[in-house]
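Both complexes shown next keep chain A, but they swap its partner, so chain B is in the first and chain C is in the second.
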Partner chain A sequence: MSTSSAIIGWKNLTLGCAILEPGSSRKLKTGEWRSQHPVLDKEKCIKCAICYIDCPDIAYSQNEEGYFIADMTYCKGCGICANECPKDAITMKMEEE
Partner chain B sequence: MAKRVGMEVSLGVSEAVKVADVDVIAAYPITPQTHIVEHLAELVANGELDAEFIPVESEHSAMSSCVGSSATGARTYTASSSQGLALMHEILYIVPALRLPVVMTVANRALSGPINIWNDHSDIMSERDIGWVQTFAENGQEAFDLSIHAFRVAEDHSVLLPVIVNLDGFTLTHVVEPFEILDRAEVAKYLPPYKPVQRLDPEHPMTMGAVGIPEVYTEAKKQMEDALVRSKSVVIQAWKEFGDLFGRYYHPVETYKTEGAETLLLTMGSVSETAMTAIDKMREAGKKVGLVRFRLWRPFRFEQFVEAVKGIKNPAVMDRAMSPGGPCGPVAAEVRAALYDQPNRPKVFSFVAGLGGRDVQVSDFEEIVSRAEIYAEKGAPATYDLIGVREI
Partner chain C sequence: MIEQDLKNFQKITQKSLPTFEGLAQGHRACQGCGEVLALRQVMKALGPDTIAVSATGCMEIITSSFPQSAWNIPWLHVAFENVAAVASGVEAGLKAQMRKGSLPEKKIFIVATAGDGGTADIGLQALSGALERGHNFVYVCLDNEAYMNTGIQRSSATPYGASTTTSPSGKHSIGQNTWKKDMPAIAVAHRIPYVATANPAYHVDLMNKVQKAKLINGPAYLHIYSSCPTGWRHEIDKAVEISRMAVESRVFPLYEVIDGRYVLNRNVKKPISVADYFKPQRRFRHLRPDDIAHIQARVDADWEALQQKVALTNPASPEPEAVSNKKEE
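And then the complex of A and B:
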């Protein structure tokens, strides 16, 4: 859900602003907020999954090779994964124009 | 026919909650509490009431538990008072925002300091804007009846808001009064089982209590307020049906000997009965006085109130709470607002009395009336009078 789709009149809100649809946070594309993004060095990565566990936006998922890769639709560039990586396999790079 | 018994009013309220067949009670049983939840715990323990009693670790948790319980579709009740209500404050706003029909009894008592848990309206006047429907009982029978009425209003699908029934701490909660106790079968005719419109259910996942960003918050508040304003008609209709079934009729604004009255006392809660005695005495002495009592405090019934005070010269409001640094007592402020747009509006005189359990007597009302008459003639003070305060 982008901010613009929340602009509806009060008569159209659900009762008590309940969210009736499960998994609706998928629609909140937090990747739009990002000013930097994680870059993985596969040479250093031991596939420990700490980035996957610690990511506050659940942006990480495991690929076919077993590496954990952040989905840029949701990664908001907080850098927690880079900070927590025990092998310093993740570095944050500035977004470029 | 309902049986007439003598019973402590707190226990009477517990009996009302029992016959309303609640599912969950969450309460923190420590001072300032009343015997209401203590007796409910007994009723659950001895099998008279098939409900879950959650003895939580604070009043904040009590109301939080009520939110969770009501969200699952359970008929939910709690009682609180004074500091306990103050500790609930944060959660109180969330209940109507989520449109949960929790019912709570508030035994009105002072807030510290100095440390004081005797009767006044300080606790509830701090909770004016929480978005709950609020009624005030004048005696034990009313406390019983309004408790049943509260569930009926709260759970109405066009309302779905929490309701507070206010009754004066000690003055009502700790005294024995005669009243008619309705049984379950009689109440069932009035109060059908609660059918939630939506509830937390693992089979049909949904989210309650999500973030309301600036683009949503205003609309969310508007939706809740609209329901509160519209609840008026349900409150009144539910009182009418209660009267038709059980013979006791209630109205948002009650009047007593207002015909031909020039000075009008305005009260809320149990002091109204003392005020009636004072009115009788003053009428016998030839004074043109009357009484208006507010039973429905939120939503405030401007229309009915304005009708009740039509043609009155000197309305004198007796508040049982202060608004320190403010222009007058909290109820007086609302009364002034209600009358401001009326043609030939009268001056509204504000009096504060009965703070922290100080007894309000017939002579206090006589004092208020005589001061109001003097102020009407010679002009009133800019703020309010604190009745009975010792100057030296």
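And then the complex of A and C:
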């Protein structure tokens, strides 16, 4: 369960409760919140990076072929990418499908 | 002066989006949050040499649930009212340390982020002081038009007619019964070098404005529209679409004020109606046609006033700069 990554003993607290590790929220796998996920049709994709820049969860990254692929560990399934894709190359599918 | 500050300005285009991420994955924002999207784009344009100061608000609670942090850059959380004061302190402290030689000479950008409550209501006095003192920092107001983090209470930036939990619509109430506070105009009144409004639906425009704001010496104020699926009660995949509709209906015009000169970034020649903009948002569902006509008249008058300001401050009146990232049809 994701909450186990957020338990810390008082002996491990830093001075002023400062968080010394940048970007440590990566330990929380927000993909668990998802009820639907984006599916990319590479035939239609023009690699325009609209999905990448419009993703609030920073899930998209470019692969070696130049396609932008969503990381399912962090994608919350909001569907902005599917809604904004100029070529309708992204469709949202329910999780169980 | 400003031309000199902007001589290293390199325009960001859709082909040359910055790869840097100031925020990390795993933040606790709601699905389809338009505010964290705007913040992410701001941080991308600011780059790694940045110190961020956040007031209380959505962006603070979602990025810093102890013991984790979603920030890849040095970050300070402060109270609701003093974000601009703390950012001024950080700026003055760095300046003093560099002068004494205890810190190597380096350009470090300071950004203060707050929501509309932290800017227009609670933090206004500290912001006014910081703008007046002329500290070299960027102030970013992420305007989601109510106190969303505590449960959708009205703020002075809530638009007329919106239903919130403290201005509920009903038989004897239209919802919010006052007009939205014009924060950019208050910032302009301080005669600071740079004020701009931006919108995450026009991300290239937004990132270029952040770049200008960080390069210009002196305070810069950015007012960024950020939609909120939870508070505005719209579909979770519509955040960017509604942001675009806000510009296309002239409700949230995109402009910048460089040393008092107004530049309209997107001249909306054929606006969509305010009713179309209200339709996907359930906070406006109770409005009757005559209420919407009343709001439409106000939006038209505000647009006319903005046009006049542009004409007044640009004697030669050059063509407005086009925003390049319009969605392909």
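Please note the rule applied: the second predicted complex is superposed on the first by the 82 of 97 C-alpha atoms of A that agree within 3 Å, B and C clash if a C-alpha of one lies under 4 Å from a C-alpha of the other, contacts with A are read in each partner's own complex, and residues count from 1 in each chain.
Rule of thumb we're sticking to: a contact is a pair of C-beta atoms (placed from the backbone, for glycine too) under 8 Å apart; a residue touches a chain by one contact, two chains touch by 3 or more.
Just so it is clear, the model here is predicted, and its values are computed rather than measured.
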{"item": "Greater residue coverage of chain A in the superposed arrangement, chain B or chain C", "value": "C"}
{"item": "Partner chain in contact with A:86 - chain B first, chain C second, else both or neither", "value": "second"}
{"item": "Which of chain B and chain C A:22 touches, first, second, both or neither", "value": "both"}
{"item": "Partner chain(s) touched by A:33 [first = chain B, second = chain C, both, neither]", "value": "second"}
{"item": "Partner chain(s) touched by A:9 [first = chain B, second = chain C, both, neither]", "value": "first"}
{"item": "Which of chain B and chain C A:53 touches, first, second, both or neither", "value": "second"}
{"item": "Partner chain(s) touched by A:76 [first = chain B, second = chain C, both, neither]", "value": "second"}
{"item": "Shared contact residues on chain A - chain B and chain C", "value": "6, 8, 17, 19, 21-22, 24"}
{"item": "Touching residues on chain C, where the partner in the complex is chain A", "value": "14, 17, 21, 23-29, 31-34, 36-37, 40-41, 63-73, 200, 203, 236-241, 327-328"}
{"item": "Chain A-facing residues of chain B, complex", "value": "97-100, 160, 197-198, 205-208, 210, 212-213, 215-216, 218-220, 222-224, 226"}
{"item": "Residues of chain A defined as touching chain B within the complex", "value": "3, 6-11, 13, 15-22, 24"}
{"item": "Touching residues (chain side chain A, partner chain C) in the complex", "value": "5-6, 8, 17, 19, 21-30, 33, 48-50, 52-59, 71, 73-74, 76-80, 82-84, 86, 92"}
